[in-house]
């Protein structure tokens, strides 16, 4: 049974389609692996029946000779930020504990329509706010990885840490993630898997609990570039219910995958050589350049002069949007209601939100409320949005000289859970390399490059032009083929 | 710029998050750390720069004026709308009595 | 006519008024969701997941709402902004599911325009006056709270939540309750002409936020108060009266006026401070990141312009100029959409029946439509079936009258029967004998007899007592039982009396 859990999206899909095994066998195998991995705390709820029902439907279609869909027979994990009809959806918060949507998010619906099934709802940082998966109301997520010879629980990254943990631990072949300021790429890098955030607008945001609307993008997390390409196609596409959804055809990225980068130019942004970046990370970056040269690409230096300001700008824009997006959690229509004796409406709001939100969420709501408040709006929010324009212009200029940009995904490898909790700022710095592409809405991917001297994975990031996921995926594939990353965490759970 | 305890209390009240004394004490330096750090944005000369309005150059799409055109965004589903309500009565949401 | 002034102890005060009118945009579906907008539905039955602000729900704007706002802007000759944006106005209230209202602060869809209120001697408006419009923006309506259904709870109905509103913001150009009343009536008329709002104030389709301040004439503007959600013209005027006098009292007793939000109590005709005052609102407006900028194409604007009807001022000028109606009649007939629509239909049917141009019969039709027909309708009360008041029937009556077949009195009598029974007017005239006699033989015979019986009066008349002519007319009409055509009677009398 267990060998199924070593399979990825493409292998499962092709195996089911080819009759090598049934979707039900695969689903049962992953359901069992999920059930046995409670120590990872990757799932908030498991939905084995959903996975089985989807598998049975695929098997039945195969028996009738019908089309199985591009994800036919693949059971996946669903980040608990996507509304799933009839299945509790919490955004890892207390305020939404017990909330059962009467609707299905566009992205999850597309995945089910493509033949995928759901293993469960994956844990995450509360409202996707965090970089270590320690802000969930439902407890920290453990990375399946540990430092060599150590027992300390490691962070799977965040906010899509349940997703990264599950995929790296091989209890799910793939999972959905969302990326607001690195929440797909950073956890992917921390756990030695792939993850791509597409161009802003590729995946519908309808039915995804909003964090920062102008930044949020869904994307796939899986163990190979091919699997990401397949799953992204299933997730992407125009949605009339999302006014920011791109009205463009979805390319067949899988079919056009090519690791041959002859004639391509890869930009190396000099500003990403920041103080405090881990030596081994820099080494992996150098190695990445070599691999891409080997794949036929020309390496060119580019400049992204406002890189330094991207992160602080992000920490104004994202909390500002979040402070407004999270105003709807007020105890009136759904979710938690805390009604102290004799409380009026406004007291009920304050009590409910005090009780229902975790510290990091409160922090960001307060920052966001402050930067939007009278007298501060221009100095903070408007200035940050102007810097965002400058960051985007930096990329646009850089892309006049190159087809894609190569950079580290994170400044460090994963860290032990609890080690960065003292100061929110140190935690924020995790996303220093990931945030610029988010601010500019660009497609960006992390692929595993190597393990460091502690035995922990390191990722490389590729950033592409708007709508050019193909170049990102192709560059990722070139790295994947040369990196030959086949390290897997040793099972301890 | 830094925020005082009173200002944090005011922001918390504006954001409708009840905060105890101890929580406020904790929050004030944390927020000031973050605000000090974002202060560096002031260094950037943004004269003549337009604030970003659309991440990907794009304008809003308008929909036709048709009732219940898309099932997911249609009315006429009171059960669904009230399904998760902490207090639903006679087809309404209930809240503590409001005096205007 | 003197200006409206408040007489205080320290002298005269002038009142300065600006209005923010919220008008519900006529559309089938809501501004950002597909739920219906119809009035009076069961609670929460016209609520989509979007309107209830479920997690992950997103707004998609309704083109028709944008179109109606643009057409309204064009109707007041305002600047139409080809680039506009939606902003979020953040505050917490149980009727506001998202915790913010999607509105337009920084880049409204319609910029500056103007509206002319008409001179009205009776109301103390000496001459036409132009009131500046600051802007029109589009925004979401809130839900409704009900406070009297449960001892400890308020109930929330989100049916209205997300319905499109236009907020039409005037400049502080009005100086009396009458001007404000005229402004609201004129605005309502324009909206209804354009079809962008049904103007139904009882159902809340139009509500005004009334901004009032006072000053000594010629001085700077004083501090204003804003009285929210006033839903009739009369109440708007009451609010201004009350607020102006209150503010004068406050100022004259050495106090200051607080810039605050107030509520109107229709029961007492007074205003009071809104309770939630300690919560000095900080709305934290910022561009809604769920909605990209709105850019209007020329073709869209062209269609909006082409679809505009003739507007009240133009129509009124045409009625006076082309149709030769009196200013009073022209104003009365153009005030309401229903009135001019009925009039124009009747005018066209009547002109065709009579066989004259519309301009030739307009005055006759206008008099009929404004005074005769409503008078008959009113006198019948319940007995009248308004469905019988067809243009066809009324035109028949007017045509008979024009040809001299019936008198004015007979016209009324026939119309009474039409309204009660729906019978055909010509058939009524024949069957009920409601026709004038124009047969000169019968009239001549009657007149000959009267002349023979009143030789003394004939002598007097011929001797110069012209006034007696009326006596002969009266006698003739009496003899003819009132059915003689007066014109024919006059002619024959003149001939015979010499």
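All chains are identified by letter, namely A, B and C, in their written order; residue positions are counted from 1 within each chain.
Keep this in mind: a residue touches a chain if its C-beta (ideal position, glycine included) is under 8 Å from a C-beta of that chain, and two chains touch if they have at least 3 such contacts.
As the structure is a prediction and not an experimental result, all values here were calculated from the model.
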Chain pair, A-C or A-B, that carries the greater number of C-beta contacts: A-B
Chain whose average C-alpha position is farthest from chain B's own: C
Interchain centroid distance [CA atoms averaged], chain B/chain C, Å: 41
Inter-centroid spacing, chain C versus chain A (mean Cα positions, whole Å): 58
For chain A paired with chain B, centre-to-centre distance based on mean C-alpha positions, whole Å: 23
Multi-partner residues of chain B (each touching 2 or more other chains): 14, 16, 53, 58, 60-61, 63, 70, 72-73, 77, 80-81, 87, 93, 95-99
Chain A: positions in contact with at least two other chains: 99, 102-103, 206, 214, 240-241, 243-244, 323, 327, 330, 332-334, 345-346, 349, 369, 373
Per-residue overlap in chain C, given as positions that touch at least 2 other chains: 49, 52, 57, 60-61, 92, 94, 154, 156, 282, 284, 291-292
Interfacial residue positions of chain C with respect to chain A in the complex: 49, 52-61, 88, 90, 92-94, 97-100, 154, 156, 279, 282, 284-286, 288-292
Chain A residues touching chain B - in the complex, by the definition given at the top: 98-100, 102-103, 199-201, 206, 214-215, 240-241, 243-244, 246-247, 306, 308-309, 312-313, 315-316, 323, 327, 330-337, 339, 343-351, 353-354, 357, 362-363, 365-367, 369-370, 373, 379-380, 382-390, 392, 423-425, 439-441, 466
Contact footprint of chain C on chain B as seen in their complex: 14, 16, 53-54, 58-70, 72-78, 80-82, 87, 89-100
In the complex with chain B, residue positions of chain C that touch it: 27-30, 33-36, 42-52, 57, 60-66, 85, 92, 94, 145-147, 149-158, 263, 274-276, 282, 284, 287, 291-295
Complex contacts: residues of chain A adjacent to chain C: 82-83, 89, 91, 96, 99, 101-103, 105, 205-210, 212-214, 240-244, 320-321, 323-324, 326-328, 330, 332-334, 345-346, 349, 369, 372-374, 377, 381
